[in-house]
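Quick heads-up: structures coming right below.
Each of the next two complexes has subunit A plus one other chain: subunit B in the first, subunit C in the second.
Coming up: the complex of A and B.
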C-alpha cells in the first residue's frame, strides 16, 4: 500500500483546464483517482456522459486530461479514455476488460491494464442501473466509480433516484404544499452488495487516507468493485464557495452518505459515522448551508445556529428516520 | 444620438442590427438578451433571432449571447462576427475573450465597468462609441448583489431607437414574472432599471491599432479525424483563471515556513494546481499555486489549510 505523501506528489492524469464549476467535487475526485491509478500500470477509463465527462473532454480536445508537459503520444502509454453513451459506462468498460484479457491471453499485451468506469448517479442508478447491475452480476473485473451528486447536474439538476428526502430539484421543486422530493432514495449500496459485487464502497476524498485505501483495495479486487463517491454539487445544491470538502465530510458524519466498505464474503466496515443518532452531528448541520434544503432548515438570526423551520418538523423527522433505517441496515452487514 | 438612430433604421430596413454580448455564466447575459428579444418581437414588423452560445462550461465560464433584429426575414443562422453593438457584462470575461473582435470602427460598445469611457477605450484599445456604466455598484445598491446586467439592459433600451425605456420596463416586468420571481425582487429590479437610466457616460474614441481585434481567418482543421470541429489542443490550454470572482485572485504567503506538509490543499484543490517541493522532514512544502493560468478561486484551499496560508486578494491588473 502506497503512502499518501507519495501519492499526492504523483502527476495526475487529470490536469487543470476543465470547465467544471469552481469547487466541483467531481474534479477533486478525478485528480485524486488520477494520482492513485498512476502506479506503473496503464489505466483505461470508460466514461459515460455526465458533468465530469462533458466538461473535461471537448471532442477532440482532452482539455483536462494529459500528464504534465508530455505529448499525447507519451501520455496515451500510461492511460486511455473511451467515451461512450450516457448509461453504459460499466458495460463498455467491461468490454475493454474483455478485450484486454483476450489480447493478454494471446500475448499481444504483456502487462496488466487497469479498467475503470466513471459515471454520474443519473447515469449509473437511473437510466444505467441495468448496465451497472449486469456488469456486477457477470463479475467483470473493473472498478466502477459513481459520482453521486443526487441530481442530473449536466442537464439542469433534475431529480435522480439517489436524491435525498426533502431535497429541492428542478423536477421536484419545493413549494408551499410540497416539501421537495419525497421518494425514498434507492438503496444502491444494498443493491450492489446483493448483486454480488466483489467490493462495494462509499467514500469521499474528504477523507484522503481512507479514500486511498479503498481505491487501492478496489484496484486489487478480482470481481467488480463499485465505489460511490458523494459529490457535493456547488451549483445544484447551492452552497457557498469553499464548502465542498466540508460538506462532503458532514455528509458522512450526519449519516446522509456513510463511509462504507464491504468486500464479498467479509463483514462490512462503516467509518466516520456513529450508529447512535445522539452522537452524530444533527442533520441540520449538513442541510443548513445548502439552499436546496432551505425550505426545511434556516439559520437562526440570533444564535447563528441552523434550526428546523417551524411547521417542517415532520418532514425533517422523516429524514432522520430514513437515515437511521439506512445506517441500521448497513450495520447489520458489519 | 441622431446619427445612430439613422444608421440603425437603415440597418434594420436593409440588413440586420446585430448585437453580441460577452459575460460570465451567471452574470445575466441570457436575461438581457432574452429581454431585448421579447421587447423586439412585440413589434410585429420585426424579425428577431436570439440565442446564447456556451459549451459545456459551468458557473463563471465565459458565455456569449447573440441577437439579430431586422425588418426583413432573417435567413442567416451563423454566429455574429461583426456586431454593431458589443456588450461586455463583466470585466472578468475580458481576461478570457476579446469582446471587441470584429466590431466595425463605427461600432458601439456597452461596457459594465467602473472605468470612464476614455479609460476603458485605452485599456481595451477600442475605436467607436464607448458607453460605460458602473452596473455592479448599482446592482449592489438595489439588489445587494454586484450584478450589472439590469443596468446594461436599461442602457441598451436607451441606445437602441426601437425601444422606449418606459415601455421596455413594462416588458421587462413580464420577463421577470415568467421567471416566477417574488414581487419584492421584481420591484427592486424595476427601481434599479429606472435608476440606471442616465447613469451612463459615453465618448467617441479612436484607440485601436490597425492589427487590434481583427478577425482571425479560418486556418483549416489541420490533421484531424473526420468530424472533429476544431484543432486538437493539448490539455492545459484552457486557461480557467477567468472563472475566478471578477477582480480577485488567490494569494499564498508563507514567510515563516509554517506549511506542515499536511497535504490537505493538494488533495482538495479541484484544479490540481498546488505547487510544492519535496521536504525532508514534512514530506512536502507548499510554495503556491498556478494562480495566473488556472485558479478558479473556488476557496477550497483557503478553507482546508490549517495554517491559513491561503487568502483572497484583489487582482491588480496592469493597465
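Coming up: the complex of A and C.
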C-alpha cells in the first residue's frame, strides 16, 4: 500500500477539459481514481455510456482522460480507453482482461496491466445488471466502478433503480397524488456480494483517506472488485453550489449511502454511520438541501432547521424504515 | 420593413439560459397570435456545454427554422464555434453581446451590415441588486422592445413561467425584464410582425404532441426506458395516463419495455413505447413476437444519428431499413412517419388505428428535429381521423373459440383479422405462442400450417395497404417538370423549398410500409426529372423504392448523412449538382 501523501502527489490521468457540471462528484471521483491508478502500471478503462463518458471524451474539448504532457511512448503513463454500448462496460473490460492475461502468459506483455470498467447506475443497475452480475460470477479480475447518482442524468434525470424513496425524478415526479418515487431501490450491494464478488464496496471521495485505501485494495483484488461511488448530482438532485462533498458525507452518515467494504470470505466493514438511528443525524439534514425532496422536507423560517412538511410524516417514516432495514441487512454481514 | 418572418439565434453555455429566453419569446408569440418554431442545438451532455436556440416567428404557419438570422444574441464569442455550420447571418443582422466581451468577432458572426449592440448586462443588473443569471430575462425584454411587442405580453409570460415560484422570484424577474425592455434608446429596425388574428395559440413539441395524441387515440399503457431524444414522450405521458385510468411503467431496459407493452396489449388495452435507434435494436426480437402472435403494439422511434451511440442529440433518417426489415422471419408490420410537429397528431391516430384494427406492430419514425422542436400550432381536429378499435370476440354460436380463426379464408372480403378474446372471457381459453401455431394457438411444426399462417398474417397487410393508399401529401404544382420525394423532417424543409420553386412538386408519404405505390407512380408519371431526397448516407428510401419497382435508374438519389438539417442554399447546390 502506498502512503497517502505519495498518492496525493501523483499525476492524475483525469485532466481539466471535461464538460461535467460544476460541482459534479464524478469529476472528484475521477481525479482520485486517476491518482490511485498512476502507480507505475498501465491502465485500460472500459467505459459504458454515462455522464462521465459523454462529458469527458467530448470533441472538440481536450480529452479529459489524458496524461497531460506524457507521450504515448511512455508505457506506464499512457493508457487505453474503450467506449462501449450503454450496458456492457464490465463485459468488455472482462474481455480486455482475458486478452491481457493471454498476452502475458505467452510473454508478449511483460508488465502487469490494470483493467477498470466504469458505468453509471443506470448503465450498471438497470439495463446492464446482467453484464455486471455475470462478470462477477465469472470472477473476472477487473475493478468495476459504478457512479451512483440515482437518476439517468444524461437523458434528463429519469428514475433509475437506485433512486431513493421519495425522490422527485422526471418519470416519478412529486405530484398531489404521488410523493415521488415509492419503489424501494435495488439492493445492489447484496446482489454484488451474493454474485460472488472478490470485493464489494460503497465509498465516497468525501472520505478521502478511506476512499484511497478501498480503491488500492480493490486494485489488488484477485476476483472482481465492485466499487459503488455515491455521486451527488448537482443538476438532478438540485442543490446549491459548494454542497457536493457535504451532501456526500451526509448521505453516508444519515444511512442513505453507508460506507461499506466486504472482501470475499471476510466479515463486512461498515463505516461512518451508526446502526442506532438515535445516534445518526436525522434524514432531514440530507434531504433538506435538495430540491428533489422539497415536497417532503422544508426549512423552518424561524429556527432555520430542516423539518418534515406537515402531512408528509408517513412518507418520511417509510424512508427511515427503509434505511434502518438496509443498515440492519449490511450489519448482518459484518 | 414589410416582412412576415423573423429569424433569431441565441447562443451561450449551459446556465446562460438561452433556451429559457427563446421559450419566452415563443410563448409570447403564441399569446399574440403569431406562429413560430424553435429548435435547440447542444452536445451530448446535459449541462455545462455550449447550447444554442433558434427561433423563427411568422405571421403564417411555419414548420422550419429560417436559415439567415436577423437577430443574434451571443453571451460568449467562444461558444459560437460548435454552431458555425448552423448559423448564417442575414446581411443586415443585429448582434447583441455582453459589453465585457473582449474577444475578436468570430468569422461566422460577421456580416455586411452588421449592427453590434454591446450590453452591460452585469453592470445594469448589479445596479438593481439582481444576479447576473437574470441576463436571459433581460435579453427577452430587449428583444421584445426591438420587435415592438407590447410590454404586457412579456410580463404575462414571465408571470406564467414562474407561476409556481415565490413572489420574490417573480418580481425579480419582472425587474430584469423591465431593465431590458427600456434599455435600447435608439430604435433598431427589425421587421414588426403583426398577427393576422389575435388569438392565443399553443406551443408544443413533437414529443409532447406524440404523447398527447396517443392518449387521445386511446393509448392507456406506456412502458419505456429513457433515451435521447425520445424521453419527453415518457415524461409527458406520465402526467396524462393516470387522468384517464392508464398506467406507465419505466422498465429496466428496452427489451423489458416492449415486453410490458405486449403484455398490456394482450390484456386488452392499446399500448405503446417510445425509443430511439439503440433501443429499437433491442426491441427488434419482440417486434417479431408482436407480428407472430398478432398482438397490437405501437413503437415510436425518434431517430438519431447512428449506428451505435452515434450522435444522440441530432437527427438522421437512417433507421428506415431497420424499421422496414429488421428481425428474423417474415414479419408483417406497418411503418408511419410524421413530417413536422402538428402531423404527429394525425400519425399517432393512424398508428393506433392500424395496430388495433390489423393486430400487428406499427412503427412511427419520428426524428430528433420533429421530436424536440417547439412549434406554435393551431387547434387540432380529431374528427375525421381513423379511430379503429380492436375486433373482440363476441361469441360464435357455441362453437369453440379459435384465436387465429381461418374460418373466413375463402371470403374475399375478409381482411385476415381474427377477433381477440380478452383474457378471462368465459369459454375462450387459448394459447398465445411465438412458436408457429395453428388456429387454436397450439404450437405446430407443420410446414404447410406455417405457409397458411404466413398467408393469413400477410393478408392483413394487403387490406391495410388498400386502406392507406391515399395516405400521402403532394405539395407544389403536381404537373411541374421536377418531382421530388421526401419523408420526415426533410419533407418539411422541402415543403418550404417548393413554395419558392414553382417548377417543382413534392410527394410526401405518411406511410412508408406498405408504401402508397400507385400514388407515387401517378405522381411521377410524365416527370422530366425526379429525385429522392433524404438524410442518410446510403440512400435508404431510394433503394427501398427501387426494390418496390416504383422508380427506375433515371431517378436521382440525393442524400447525405444526418446531423444537420438541409438549408435552402444547400438544396440549391444539391439540385444543381444532381444526384447519383
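Assume the second predicted complex is superposed on the first by the 323 of 334 C-alpha atoms of A that agree within 3 Å, B and C clash if a C-alpha of one lies under 4 Å from a C-alpha of the other, contacts with A are read in each partner's own complex, and residues count from 1 in each chain.
Here, contacts are C-beta pairs under 8 Å (C-beta built on N, C-alpha and C of every residue); 3 or more make two chains touch, one makes a residue touch a chain.
Keep in mind the model is a prediction, meaning the values are calculated, not measured.
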| item | value |
| --- | --- |
| Subunit C versus subunit B on the shared subunit A, clash or fit after superposition | clash |
| Contacts of A:170 with subunit B and subunit C, given as first, second, both or neither | second |
| First, second, both or neither for A:235, with subunit B first and subunit C second | both |
| First (subunit B), second (subunit C), both or neither touched by A:21 | both |
| Partner chain(s) touched by A:156 [first = subunit B, second = subunit C, both, neither] | second |
| Partner chain(s) touched by A:109 [first = subunit B, second = subunit C, both, neither] | neither |
| Which superposed partner A:268 touches (first subunit B, second subunit C, both, neither) | neither |
| Touched partner set for A:87, first subunit B, second subunit C, both or neither | second |
| First (subunit B), second (subunit C), both or neither touched by A:58 | both |
| Residues of subunit A touched, compared between subunit B and subunit C (which is higher) | B |
| First, second, both or neither for A:195, with subunit B first and subunit C second | neither |
| Single subunit C stretch clashing with subunit B - from 62-70, 332-340, 404-412 or 440-448 | 62-70 |
| Common interface positions of subunit A, toward subunit B and toward subunit C | 19-22, 51, 54-55, 58, 60, 154, 235 |
| Contact footprint of subunit A on subunit C as seen in their complex | 14, 43-49, 81-82, 225-228, 231-232, 234-235, 238-239, 242, 248, 250, 252-254, 278, 308-309, 312 |
| Complex contact set, residues of subunit B against subunit A | 55-61, 224-225, 228-230, 232-240, 243-245, 261, 263-264, 266-273, 276, 278, 283-284, 290, 293-294, 296-300, 302-304 |
| Residue numbers on subunit A that touch subunit B, as the complex places them | 4-5, 8-9, 12, 14-25, 27-28, 31-32, 34, 51, 54-55, 58-66, 71-72, 154, 205-206, 208, 234-235, 241-246 |
| Residues of subunit A that touch subunit C when the two form their complex | 19-22, 49, 51, 54-55, 58, 60, 83, 85-87, 122, 126-127, 129, 152-156, 158-159, 161, 170-173, 175, 177, 235 |
